[in-house]
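Here's the structure we're looking at; comments come further down.
Chain nomenclature is as follows: A, B and C, assigned in order of appearance, with residue numbering initiated at 1 for each chain independently.
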Amino acid sequence: MKLHHVIESQQFSLPLLHELFQTAQRMEKVVARGGTKDYSGKIMASLFYEPSTRTRFSFESAMIRLGGRCISTESAREFSSIAKGETLEDSIRVINGYADVIVIRHNEVGAAKRAAAVSQIPVINAGDGIGQHPTQALLDLYTIQKELGNIDGLKIAMVGDLAQGRTVRSLTYLLSKFERVKIYFVAPETLKMKEDILQHLEEHNIWYAEETDLTKVAPEVDVVYQTRIQKERFGDRIEDYERSRGIYIIDPSILKLMNKRSIVMHPLPRVDEITIDVDTDQRAAYFRQAQNGLFVRMALLSMVLG
Amino acid sequence: MKLHHVIESQQFSLPLLHELFQTAQRMEKVVARGGTKDYSGKIMASLFYEPSTRTRFSFESAMIRLGGRCISTESAREFSSIAKGETLEDSIRVINGYADVIVIRHNEVGAAKRAAAVSQIPVINAGDGIGQHPTQALLDLYTIQKELGNIDGLKIAMVGDLAQGRTVRSLTYLLSKFERVKIYFVAPETLKMKEDILQHLEEHNIWYAEETDLTKVAPEVDVVYQTRIQKERFGDRIEDYERSRGIYIIDPSILKLMNKRSIVMHPLPRVDEITIDVDTDQRAAYFRQAQNGLFVRMALLSMVLG
Amino acid sequence: MKLHHVIESQQFSLPLLHELFQTAQRMEKVVARGGTKDYSGKIMASLFYEPSTRTRFSFESAMIRLGGRCISTESAREFSSIAKGETLEDSIRVINGYADVIVIRHNEVGAAKRAAAVSQIPVINAGDGIGQHPTQALLDLYTIQKELGNIDGLKIAMVGDLAQGRTVRSLTYLLSKFERVKIYFVAPETLKMKEDILQHLEEHNIWYAEETDLTKVAPEVDVVYQTRIQKERFGDRIEDYERSRGIYIIDPSILKLMNKRSIVMHPLPRVDEITIDVDTDQRAAYFRQAQNGLFVRMALLSMVLG
């Protein structure tokens, strides 16, 4: 299947997801045998207007494991010609002359789409503001498939900041493509999942429930998807932030309520919403999940580079 | 011909320019077939004391397309030992142990020359303050040659900030080596081309005229070389800046005055001095010009690395 | 011999030092013939929480000369998830999925040890606060061995900021493993070598003397190891800093007192504690010392990567 730009999770059909996951699985073997040289002539430009060392490292490692090379900026917003008044579109056109694929992270919603509109080389969205972060959602989904063997019939609790967390929004979109999925949204009143997503689920006949008690939900689900209450997204609403923190903590007492074959996921970074004594439990899947980011990003890069 | 350091445009004789352009042309073919491994053992150090993601990406892409590798800093001024009081000369001596070529961008005029004076490995000037930016001038010249087929007999209008713009200064120097060139300097009173350059042209019997009306000049020339009014070079002279902006805008009405086979060039980034509805006109050469930067920098790197 | 993490100079036994120096010597030949491809499948993560372009370039050049690749951050403290509250341990666990070796520089004493405790891939300490900087001490020792042919029987003067300079502390530890070493500590009253190190020397029967007059010591020693008075480590004790600067300056008058076959070393960067007219004297070993950093770091990387 043809894949050019990777802008939003909605663009992934079931067959495309299937192909992506098969490719990612193949990439696990490529990494195990020390990488490939297949893309040794290719250059990836990491264009990060909003810093994220983790995501950047993940993409750059993926490109290198494929044999490719990277040119990279950690803080394009501060350093680049944008400071001189250049438009994003012009920057992208110029970088088209220097690279074979652009990975962009930006602080403004829709930036990746604008970049793709003028780019002749593939653009991959590595997060734009509170908009999309499709590769995170794809690696989340890949992790569920790999850990549980199946996504159809999944029961999942999404916990924490559901209003502003772009990963849970994107993941919910993707899950709505599967069969018999049940989603529990567990959030404080101020951070509830927004109406547009709930409506989308209703239109697609996906079962969901809004809950406030994690202890009631934990025994019911295959996946507890915990998220960080993101202080930086609250701005000056400090009170809302303080009220929201600490309500839902995954600790051994929650683990005890969960099924033996269920897992705990988290997009990372975490602060204290999962206690560190959970880490050694086999059900703590979040570091494996981060590692899966490498395989999924290798798969995406190989697909867009052809 | 032997080329070691690349410090200023004056060092390029006609035969050397000829060799450079032939090499750049060959590099276009190298890129088209996916790059080379010829310099796979070589390391380029990007030492940027003044940030410029665009120029850095261009050099790093060039080095990678040649098969080489890069070590890179985006903001040496803020991050490096300079903060601890180290001289530029000491930094250069140390980096001599780690790299095969240094690309330096610095905020102080003459920094590249100082670096070259103590460096045993080649130093390439990627812009020093309001001083030189020779690789920009070389790619400008290469673009003119490639787009128009010839530089002798060229009629060119340089427009905008001619007093402080280092690219137009360097380009003028280079053009003075060619035959029957006619240069129109189109600038506001406060931003006129400086006396030293005009004197240089007179000494070399190059025809020039100082004009203020772009509509009068546009029909006469093969190249309209537009520049940005650089706010950052005005310091606190805000009034001068505001008075200078918006006087010369390239838009479809200017295009209409221009010859069919003429071109519009710009060193980029642009702000609003060329309107975006010009971009789709075949005569808008500025993105091709940026792309030529890759070929010219590949040629320079290959020449200094031998 | 097996080497996994490189955290502190104390971990290096004499046989391990011997192996390291033999490997570094081999690396000089590898570099002379243009590097190797032996580690072409390997990725080094440069994780610098405290900026140091010099040290980072040295490690990245070493990795590239070995054929490997780098993913790199100049200012992890400012840019990374640490700003969002992530622990160092979590960052390290995640990067374990993306790289084969981590080079860490951190502002907090003990950070490298904490990183190593949770890392399955090798961690190399590139300096943690006023704690350890073992690769600097190792390259210092390698330089002494290479320049003088032997370390047993060495007479060395350590000069300047001995209280806070981590390089002299680490080097002293390593020297205590050798035979018949004599160490002169030359420092202002406020910057004398700390008691723990002196006690360590006494326990290991290493001869040392505390001196204040450099002219008296200079004729006695094989090595004058000069250090910078590090302003940044004084905090607001400006008076202490000003009082300490300029007491010990290596200039031609000191050189005149020194033996013909002795050398001047300095971990760099220097400010004015060695005058530049010393640079051309054959005994000025500090730039060769910096170059040795490449060979020693190549040796360490090759040993931990196996």
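Assorted remarks:
The rule is simple: a residue touches a chain if its C-beta (ideal position, glycine included) is under 8 Å from a C-beta of that chain, and two chains touch if they have at least 3 such contacts.
Because the structure is predicted, anything quoted here is derived from the model rather than measured.
Looking at chain B and chain C, the chains in contact with each of them are A. Chain A and chain C touch with mostly distinct residues; of the residue numbers seen at this interface, under half occur in both copies. For the copy pair chain A and chain B, the superposing rotation over Cα atoms measures out at 120 degrees to the nearest 5. Separation between the centroids of chain A and chain C, computed from CA atoms only, is 40 Å.
Residue positions 72, 74-75 of chain A each touch two or more of the other chains. Within the complex, the chain B residues that touch chain C are 41, 43, 45, 69, 71-76, 78-81, 84-86, 89-91, 93-99. Residues 34-35, 51-54, 56-58, 60-61, 64-65, 70, 72, 74-75, 228, 230-232, 268-272, 276, 287, 290-291, 293-294 of chain C are the ones that touch chain B when the two sit in their complex.
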